[in-house]
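Two complexes come next, and they have one chain in common, chain A, joined by chain B in the first and chain C in the second.
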Partner chain A sequence: MFSMVAPQRRVLYPAWRLTRRAFHRAPTVFAVGKDVFSWRPPSDLTLRQDAEVVRKTAYFDEVKKDLRDKNAFRHAIGSFLARDNVRRAGHVEFIYAALKRVQAFGVHKDLETYKDIMNIFPKGRFVAHNMWQVEFMHYPRHQECGLDVLCEMEKHGVVPDFEMYHIVLNIFGERSIVMRKLKRMNYWFPKFRNANPYPIPFFLPNDPTEKARLALERMCPDVRKEVTVFQTEDISEALDKTWIASLMCPDQRKLISEHVSDKPLYVDGEYSVHLREEFLKYFILRDEPQELLDAGPTPAPEPYYELDCRPDWDLFFKVENPKEYAPLPTLHEQEDGNILAICITGTSSQDSLRSWLSCLARTNPRIAQVPIHFRIRSIQMDTEIITEEQAARENEASGFISTKKYDDVLIH
Partner chain B sequence: MLPWRLATATASGVVGRRTGLAGRRTSWSPLQRAPARWAQTFYEPDERGGYRSFIEYENWYDRFRLSQIKARYRWYLRGFRTLGQELRKYARLDPMEYLRHGDVRMVHDLRNAAEHDSWIVTADSDYDQGRSWGEFSITQHQTGVFSGILNQEPVKDGHTKAAGYVNLRAPFVLRSFDRIDLHDWQGYTHMVVKLRGDGRTYLLNLNVPGTFDVTWADTYNYPLYTRGGPYWQIERIPFSKFFFGHKGRIQDIQGALDLQSVRNIGITLADGVDGPFRLEIEYIAVEYDENYTEEFAYEMYGVVDKYH
Partner chain C sequence: MQAAVRRTRLRPLQSLLSSRTILHHHPPQNNTPAFADCGARGVAIETAVGVRISQQKNDEFAIIKEKTRQLLERPKKHRDPFIKNLFLKKIDPTILEYPEVRQDEMDELMNQVEPIANRVKEVDPEKIDKNGAITEDVLTGVRNSGGFVHRIPRTHRGNDLNMVGYTAVVEALSLEGNMSLGALAYTMGSWSARTLEKHGTEEQKAFYLPMIATGEAAFSLCVSEEKTGSNVAAMQTSVRLGEDNRGYLIKGKKSWVINAPNTDYFIVIAKHQGLGEDVKYSDPERQFHQDKRKTGSMSAFIVPKKAPGVTVGQLKPFIGLRGLQVSELILDDVPIPLDYLIGKTGDGFGIAMEAVSMERHVMGAVLLPLLKKLIDQAAKYVSDRHVFNRPLSDFHMIRDKLTEAAYLVYALESMTYLTSLLIDTTIKPEFDLESAAVRAFAADIAPRVVRNLMEIYGASGVTHDRSFDQALRDILTFSDIDGGTDVARLYIALSGYQYAGLAQLSDIQKLSNPFAHPQAALRRSLQSLGIKRAAKRTVYLDDYVHPTLQNFAYMLETCCTEFGQCAEGLLYEYNKDLVNRQVELKQTAEMATLIYASFAVLGRCSRAYCVGMKHNKQEMNLAALFFYYAKRRIHSIWEEIGSGPDVKGRESMMHEAAVHMVTERSYGWVNSDSEPISESRFGAVESRAGPCVEYIRDPTPGVTRIDDSGDSGVCSESESTNLIPIRLGARIVKTFP
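So, the complex of A and B:
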């Protein structure tokens, strides 16, 4: 743990830069070498408290993994309180231990559990009774612990209610930073609770096909969207026995049926889509018309001011006539290609995509007649640290900058 | 006062610069983070809050390289040329711009090649505070892609409690000699972003730094909701809905955004979900809607008890 910290580095500044600085800001900035962050060993008190938190997590860790749920969590809290319900010694450490384990027990979105955690604090003891106690933060360690409970709620989008207010009122009183935080949460969170124009349910369904259906319905702006769930067990040549959620709209059916048969269609992917904490991968059946490819990148429109200033001589000399009629493109004809269908499969494998195409071909016979190219590349998920030489090689290979390119960037 | 430190940041603009993951840096020295105690006090060492830009770690004698002297020469040349253009523009005395319903002005239009430079990505791993990384690159369809991986695992240094952000910063509006100008959106009512996201919620930041150090980190924020999927979406966010924050914290005393004092636009991802992200942007614009009359969407009445 200690060896991960880099040694302190000194910075060399040119002399004229330091003098210029002196006119602009406080002289403390000179002390760059002294003022940088330096790692200090934690104090004995901190170490003892950390060890105590680790010891207190045993209340939760002794529960077997398949029995970890809300009841087991409440039971662990109950067994801590049963040990010493009067003094509740070490309750701050126990609360930190509980916060560490809320996600493991799957109760991180449950308001009742946070009330149980907050209720561990003894009532009345930490209430400030005069302005000096308020000003100098009565029982700071306990108030910070209470703040951390509220922060954990904030992290998981749980809004405190009126009962929570009374719990905090009894523990820390009206004049405490915990109460300030709680009141701010109750003021701001409801404003943004339903602000998302593309809403997702707070509790996602457990069924993966239902999740896929939610994601697909959310990503398509067409009101006539239809999501179908296929099972590949029906298909004889399928190797992967899995499910496929497929989205297709009537306009897309029409686009497929009008497709010229010698041009290929593409299956593109994989792309990522998020439903709250869920991460799904989807694939697109796409058509890239030749005229779109020939046209190259979308031309930038002319600035409004230029357009406004230019005289339109056609308008000046004759009556305004519509020059040309063109049908409006459908929603699925995007600037970089036509989107013909979207799918999420259980395995995201190429075999499941082939099964998807054969399912689509039942209702869209044109798909069986045209060549289909697979352009699949996986999303990079690795976050491991690579060495400097590897990075330099990788950067050169992928065309990213190296320091040599910085040569002509002006150093101020 | 010339904010020269910020001007240096714009000079480093390179499209597709990868940030994050200590190993991905090549040979410049690691960035430096602010001391932990600066976060607990009112002391502001500089506009960046003590976080150093890597360009400050160049050796002093590098300025005398031939390439640097050439670059300095080109910088002055460009400066005088743009100064001439500015003076000509002032002398021309253009009539005042009037707005009609539905007028849209592009702020950052990535379909212009001139807009491709100077987008800067920062992540917590730049300062050894986490392991997230991100990059900004231009696609063949002339759109910008902000992508990377968010990782919330904090570094085990005994101080860092939480990690997990990646930030994209749009280029500054520059006058001659790299002086930073403010956006002037007076009269416009909406911010318009054409984007293609991945279902995550991003945060749109409008920086409005003031003169004094306590106002250097002032920001107006509003979440940028994306629907995910391959379809483009056009997000219209009223300026009245932007709320006032400082260093990522919503402030108690709120007020409407001053549309003449926005210096910079940024997009942050810190939604608390580990994993890859991808946000494609085609343009950021402002729009005038004459039917929209709301000035500020949040309560503005005073409170009796100042403690809460």
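So, the complex of A and C:
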């Protein structure tokens, strides 16, 4: 019985449970070869069933690729049902075939579709009518198939609703493992759905700039973050005509304005960030870490019996600069340097990054006065690093940036 | 097979598979029998199979959809009034389930609310405040987006919204702090439309309700007069039958008529004068009406503005809610046809009281958007502004103020919607006390919330840049718009005590005559010895919430017990005289309000946590914080009422001080206008009656002392400037070294 909770998991069972398990499962399922201890070559029946699944997949595969959507999926189901609506022969295989194709049709996050799939089962026949049927898993192959539909939903984070409950109730009845799985999903999933403190919308927006905005906002913990979207079409020097989503907070703006001009800033990247299935690349504008020379040796912690208990705090209404309210480092001042801005561009090219800097320079004139280095490498190919020398050569070729020293890329 | 099924039900496996897996931590829902009953038992299976056999050719999906819809339609259930039963020490734990609005209903409702909200968001409340009127284009816009369609039935071109929908619409109308608009919709909906719908004849409904629904005509209710105030029965406006018995003539003057300049029809309550032809009718009903007219009872009439003799007097604008355009209405022998009477003759008082009291809680929805908006602004300000090199939000005092505002608003919101939900899901709803509780609570917390938020801003909070002055004016006006907060408080306490008193009549009679019923008296005195013992739980409220909240539910039950003790004790002590003990009444009303609020808050956050709503952790925190606040207050009132002699001392002082001021007709302290003490010496001091304080110049500090012993002394005056207030009545003694 326990194995039914999560049928995909492979667990090592003690011998006594294994015997019970053998009782609880239909012999066909047992022979499929999911079990570690009792692996045996797939039987003829299994092979025939697998072949049938492949054959049933044709219902979906015959739809042209550009026409694959929710309606086409429903239509495929409809044409299966139209063939033999009374007996619905081979519906289990058809359901497996449908589950294989949900993602291809882009309906894997759609509850209505899963209801349609579940509805393929004939009603009333698989309901257990007495305790023996309940205990010994009535119609095991069909129940396993129902479970797999629910598991597919689980995989894509779809929460079943009350209607689904009634569908399952009509197919398998109250006392079935499918119903138990459904109830457990219904209990836990809504709890998990909002558990993420940094939520992402369930359906991502189609607009890439909106996606970039979501990703940037998730990365920055500052409450005063501002995301600006630039279009490089406004910039005459830009080669790549694309968009740039850039995040900058007031604190970062202040850090840039206080930056000393003889020290360079760096554009680092590219780094990766995931937004559900989406994979985005982002870049960082940062400076070198501050040298910790003036900090001196780390003072030894005072022993506990010499703890200073005097309330020697500075009263802010008597002392001009109370030590309790000394300025704190901002969120953006990290140990490995200050992070000054982050961005995601449409092309992730170096040209778009240069455009980004010139956009930033409009509101932060300091950027134009400071040397800026590009330290950029591609994520996919770790070994190939665009060296600064190479970058400088490219820049010279483009005429956008003029530089004397090959390791300094200056932006005017 | 039947036997097998019956035996199976006892097996542990069955319980594992039963529907409790889903509903374990939810409050028990007795109104969804479908979930519990369907299963491997005969009935449900037969239905399932039956469906398949009978309609095999139809789409199964459609059938299941229809069945689900039917099953989801929760039947209304019987519910006893909640606060009234608290007075009898009965707790209804099912209120903690916080009834849910179905998703499809919710979507439908949101479709109606959204256009209104979008329209209202463009309206500037400051402009309304400055103009002293809601401009015509705003009204038309709101009307066109369906602002006033709400509760009128579909047969009369309305939307037939339920109570929750109505509350949501009113909240949408008062978005961005447009309290005037929300209050106007509330008065139109609850005071006028509902009155017509409930008491009007079919012809009246068919004629007037579509006009309100489409926004062609505005109605307003005219009850109060300048001199009568809360005492509606003492009104002067009179109505008499015309000479030929073919119509009524109304004469009088009404004040505080809301939206009078724009109103087309007034619902006027007037007192019969018994004039007209005096006939003996054979029909007992006609005779009854005539008698009613004779005895001077009141009736409600529809008075068109166009009728001759109707004059809208001068505007008497309140300090806040200036969009309401309150003015007076002068009726000078206005002739009205006989069928303009609403309800029956003599029903007027009931109609007026019911109109004002039944749906009071919607006023909470009027207030909510303003408070939420202020909190939004403050939260943003707190994160943006930096003081002492830190954002303001880092300081604990600021956090405390912000949180207090939030949890009070959370409680108000929960209460308002809980009351609406209860009214919607009950067969014969009797939740007028709950309505009044929401109303009283709203008026209690609103100034407090605004004050808290103002303090966050410091000096800039009291400038005109922030909209606090308008918010405060609106809120203060809001507290008095429908008869006042104190009336709501008395309504709660007096109705509750009456209910409890009637239910326990025999007990009280026995106890008030201990010599005739010594046994009862003895039992009572023995019981009262144990009053301080830990309260015994009876309903186990902690079983009805999520386990995380068990502790709070446990304490809440203790609070209910404390309330029950107070109510019972006061009822036994004062029984009939309780109607005059207004301080105790106010205190019990506050306790009841806070208990109801705690139920609303705990039920709501428990539901949110179980279902996994967005920001449920925040809801849990706010609920817990509010509960701590409520519990502290309830407990302190319990202590105050429970410790008899102490409260009597306090009470007598209160009475003395008040009576003194009333007899002096002033603040009551003798100041510069009294004779100088140096001339009168202590003799004059002694002769003065009553406690009062004199400022005395003290030559050398520490020399003068107040002597209670009664010895005579000397009080001198010199150039020193030490002023000490001295309570006269005590002797003033000066000792010389």
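In this text, the second predicted complex is superposed on the first by the 301 of 412 C-alpha atoms of A that agree within 3 Å, B and C clash if a C-alpha of one lies under 4 Å from a C-alpha of the other, contacts with A are read in each partner's own complex, and residues count from 1 in each chain.
Quick note on the criterion: a residue touches a chain if its C-beta (ideal position, glycine included) is under 8 Å from a C-beta of that chain, and two chains touch if they have at least 3 such contacts.
The model shown is predicted, which means the values in this text are computed figures rather than measured ones.
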{"item": "Contacts of A:Lys191 with chain B and chain C, given as first, second, both or neither", "value": "both"}
{"item": "Contacts of A:Phe162 with chain B and chain C, given as first, second, both or neither", "value": "second"}
{"item": "Which of chain B and chain C A:Ser358 touches, first, second, both or neither", "value": "neither"}
{"item": "Which superposed partner A:Leu275 touches (first chain B, second chain C, both, neither)", "value": "first"}
{"item": "Touched partner set for A:Asn170, first chain B, second chain C, both or neither", "value": "second"}
{"item": "Contacts of A:Arg180 with chain B and chain C, given as first, second, both or neither", "value": "both"}
{"item": "Which superposed partner A:Pro221 touches (first chain B, second chain C, both, neither)", "value": "first"}
{"item": "Chain B versus chain C as contact partner of A:Thr330, first or second or both or neither", "value": "neither"}
{"item": "When both partners are placed on the shared chain, which of chain B and chain C touches more of chain A", "value": "B"}
{"item": "Chain B and chain C footprints on chain A, overlapping residues", "value": "175, 179-180, 183-184, 191-192, 195"}
{"item": "Residue numbers on chain A that touch chain B, as the complex places them", "value": "1, 4-6, 9, 11-15, 17, 24-25, 28-29, 35-37, 39, 42, 155, 175, 179-180, 183-184, 188, 191-192, 195-198, 215-216, 218-221, 271-277, 279, 282, 284, 286, 297-301, 303-305, 331, 334-336, 339, 342, 379-381, 383, 385-388, 390-392, 394-395, 399-403, 405-412"}
{"item": "Chain A partner contacts - residues on chain C that touch it in the complex", "value": "1, 4-5, 7-8, 11, 13-14, 16-19, 21-22, 24, 38-40, 44-45, 48-49, 51-52, 56, 60-61, 64-65, 67-68, 71-72, 383-384, 388-390, 611-616"}
{"item": "Residues of chain A defined as touching chain C within the complex", "value": "86, 115-116, 119, 122-124, 127-132, 134-135, 162-163, 166-167, 169-170, 173-175, 179-180, 183-184, 186-187, 189-195, 199, 223-224, 316, 322, 325-328"}
{"item": "Complex interface listing, chain B residues touching chain A", "value": "1, 4, 7-8, 11-12, 14, 16-18, 21-30, 32-36, 45-46, 52, 55-60, 62-63, 65, 67-68, 70-72, 74-75, 97, 103-106, 109, 111-112, 128, 131, 133, 140-142, 149, 151, 155-159, 198-201, 223, 225-233, 250, 252, 272-273, 275-278, 282, 298, 307-308"}
